[in-house]
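Two complexes come next, and they have one chain in common, subunit A, joined by subunit B in the first and subunit C in the second.
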Partner chain A sequence: MGAVAFWVLAVAAVACAVTVFVVDSMARATFALLASFLFGAGEIILLGLDYLGVVIVVMMIMEMVIMAVFMVMYMMNPAGLMPMSMVHNQRGSLLTAGTVFASLAAGIFLVPWPARGPHRPADPTFDLGKSLMGPHMLTMMLLGVTLFATMVVTVVLASQQGRYDRLGDDLKGKAR
Partner chain B sequence: MVESASLWAVLAVLPLLGGAAVVAVCADRALAARAAGQPYGPRTIAAGVGSDTARLLVGQRRTTLAPDRLLWRLGLIAVPTAAVLAAAVIPFGRWAVDDLGVGVVWFNGMEIATWAALWAAGWGPNSVLSLVGGYRMVAQGLAYELPHMFALIGAATAAGSLQVGTIVAHQRHLWFAVWMPVGFVVYLLSVLGFSFTGPFDQPAGVDVAGGVFAEVAGPDRLILAAGRWLLLTAGAAMAVPLFLGGGLGPVLPAWAWSTVKTFAVLGVLVGVRRSVPTVRLERWMPVAWTVLIPLTIAQDLIAALVAVSR
Partner chain C sequence: MSLEVFLLLAAALFSVGVYGALSQQSIVMLMMGLELMLNGITVAAAAFWYFIGPGAPSDQVVVVVAVVAMAVEMAVGFAVTTAIFRARDVDMTDMAADLKE
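Coming up: the complex of A and B.
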């Protein structure tokens, strides 16, 4: 059952990833990529990492929607609204992709994988977090909050609808 | 407390959620008719809802020039689908379809799926006003989502769990809405946000001829409108286990308390929808990010302190 689900999700993820380069629309390419990520999230859930899997679903939907907005915005043909090829610089990108794939695949065979214990851990997500972060968990959490605060403050300061727009440069009256 | 029902319970989700949504639609129409000075008896309202539904069911589907049919259809169908999937973790009394260990994150994910769904539904018909509606949903999502997530985190922190059943069990003595009022109010606001209704109906705004609704007619329109009401209903139903003690209550059985509380929240949301005018997105965004985010984070700090001291 688990093996069947793994292969179905894996083939679907790769098929959707190929679709990204076959379709001729920025919107469709983005949603094909999203589908690929969602199938990938299914694989993570299959590993027993429920939290990480569902968080990938949450994050990827958000990120792909925002990416669609930016991709459409940056395209040179009228704002990405027209059909267009999704491939360019084919030789260079094939070379890059091939090298990355080969090194990652080699890594799978070369890394000395730890032997699995006799029992499956009660909460694999918790164990994964501990082995990834180790004693630096608190540091990473503080870093996360700091990054988040920086992002919010940057956007708030960069927003055109700030108090200087409402009240003028001297903050005393109407600007418009 | 809350147990996962067997798989057949999936079949009960749509009738229960849909039934509550129909009641909400009728209440909304009655309020509108009363405000317009027209008759608003139960039979008039029911007949109106029935005839509107029948008209949409037999109506012609609209076609536009060079649409992206695939994304358009997928987007439309995804709206009610996301609502039903989100409802899978909401307990009805003592039962939920699946009381997932990460139920709160699951609900969050299904609600965010409406961003993608509405953007695709706006993109699909190759029409300017639809597209504007779809983009507005993304902007709206960016505004409400962060305070919404912090409101959810507050409830999860206070219970020390992302499992909806455990969150209900932790409210045995005191509802989270009582000592986390900020999180509760922000949650209700974001329900109106993700169901693009009430003061947050800009994605379907009248100023852009209905936005995402502009080019959908017939059964397509019925699906999108039903999805919108199902989302509102699912959001109201989720407020009950998160903040109002779920099925906990004296005398009555748990399912009855769930129903009563859900309709109370739904009534408040429909009342707000009818009485508060549309808020412009660029006005809402600064409020959401400069007022609601700090407030909800402060609320989460209190929840964390309570959880640690327990």
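Coming up: the complex of A and C.
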């Protein structure tokens, strides 16, 4: 049962990932990416990490809906009515991607992975929370600061004018 | 189910992401490639947690970090796209090559 679920989810995840770069419409590409993330989250739930899987599902649905809005803003081929090809250096990219996959696959099968018996904690979510608030507190604090810095950076980048535009280089000009 | 097949899935997702990030001209499509690469990393970290170190929660923390990286990447990516679109009417990487030479 688990193996069947794994293969179904895995094939679907990779197929949707490929679809992202095949379809003509960027809106369809967004939802293909969302599907790929959902199947990937299914694999994570299959591994017993329910909480993280559901977090990824919830986050990706929100993220892709926001992304769809940006797609509508910036895309050049709204409904996929015309064949669209917006690629550069496709041969080189394919070659690089193939090389990356081949070397990763070689590594996966050549490395002697340590075989540790299945000793699963009763509640992995509790484990995660305890470690984020304990030994991994530094990670959590860094993530918090990073997210805060991201909020500031995005507002600064996306705002139409900075204070130097409005008030001049010495910041003493009249507000425009 | 074994560690190898899970890692193979992660490698496939990562490689598709590499292709997208390298080949797409639209900045938004390029970001989709980056997100796919991070998707592969979350699957790999979850597989490592399950098969190698289920007792230790560090692999779960890697998943959390990757998820945060996705959120940050998307937010900053869209902010940069908005900024460059506003400044120069550009939404393709090839048009934003002023500093190339």
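The rule is short, and it goes like this: the second predicted complex is superposed on the first by the 104 of 176 C-alpha atoms of A that agree within 3 Å, B and C clash if a C-alpha of one lies under 4 Å from a C-alpha of the other, contacts with A are read in each partner's own complex, and residues count from 1 in each chain.
By definition in this document, a residue touches a chain if its C-beta (ideal position, glycine included) is under 8 Å from a C-beta of that chain, and two chains touch if they have at least 3 such contacts.
Since the model is a prediction, treat every value here as computed from it, not as a measurement.
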item	value
Contact breadth on subunit A, by residue count: subunit C or subunit B	C
Contacts of A:98 with subunit B and subunit C, given as first, second, both or neither	second
First, second, both or neither for A:130, with subunit B first and subunit C second	second
Which superposed partner A:158 touches (first subunit B, second subunit C, both, neither)	second
Touching partner for A:57 - first (subunit B), second (subunit C), both, neither	first
Subunit B versus subunit C as contact partner of A:27, first or second or both or neither	first
Footprint overlap on subunit A, where subunit B in one structure and subunit C in the other make contact	55, 66, 155
Contacting residues of subunit B [partner subunit A, same complex]	68, 70-71, 74, 100-102, 105-106, 108-109, 112-113, 115-116, 119-120, 123, 135, 138, 141-142, 145-146, 162, 282-283, 285-286, 289-290, 293
Residue ranges of subunit C in contact with subunit A within the complex	1, 3-9, 11-20, 22-29, 32-33, 35-36, 39, 42-43, 46-47, 49-55, 57-58, 60-61, 63-65, 67-68, 70-72, 74-76, 78-83, 85-86, 91-94
Residue numbers on subunit A that touch subunit C, as the complex places them	2-3, 6, 10, 13-14, 17-18, 20-21, 26, 29-30, 33, 36-37, 40, 43-44, 47-49, 52, 55-56, 59, 63, 66-67, 70-71, 74-76, 86-90, 92-94, 96-98, 100-101, 104-105, 108-109, 113-114, 116, 118-121, 124, 127-128, 130-132, 136, 139, 143, 146-147, 150-151, 153-155, 157-158, 160
Contacting residues of subunit A [partner subunit B, same complex]	25, 27-28, 31, 34, 50-51, 54-55, 57-58, 61-62, 64-66, 68-69, 152, 155-156, 159, 161-162
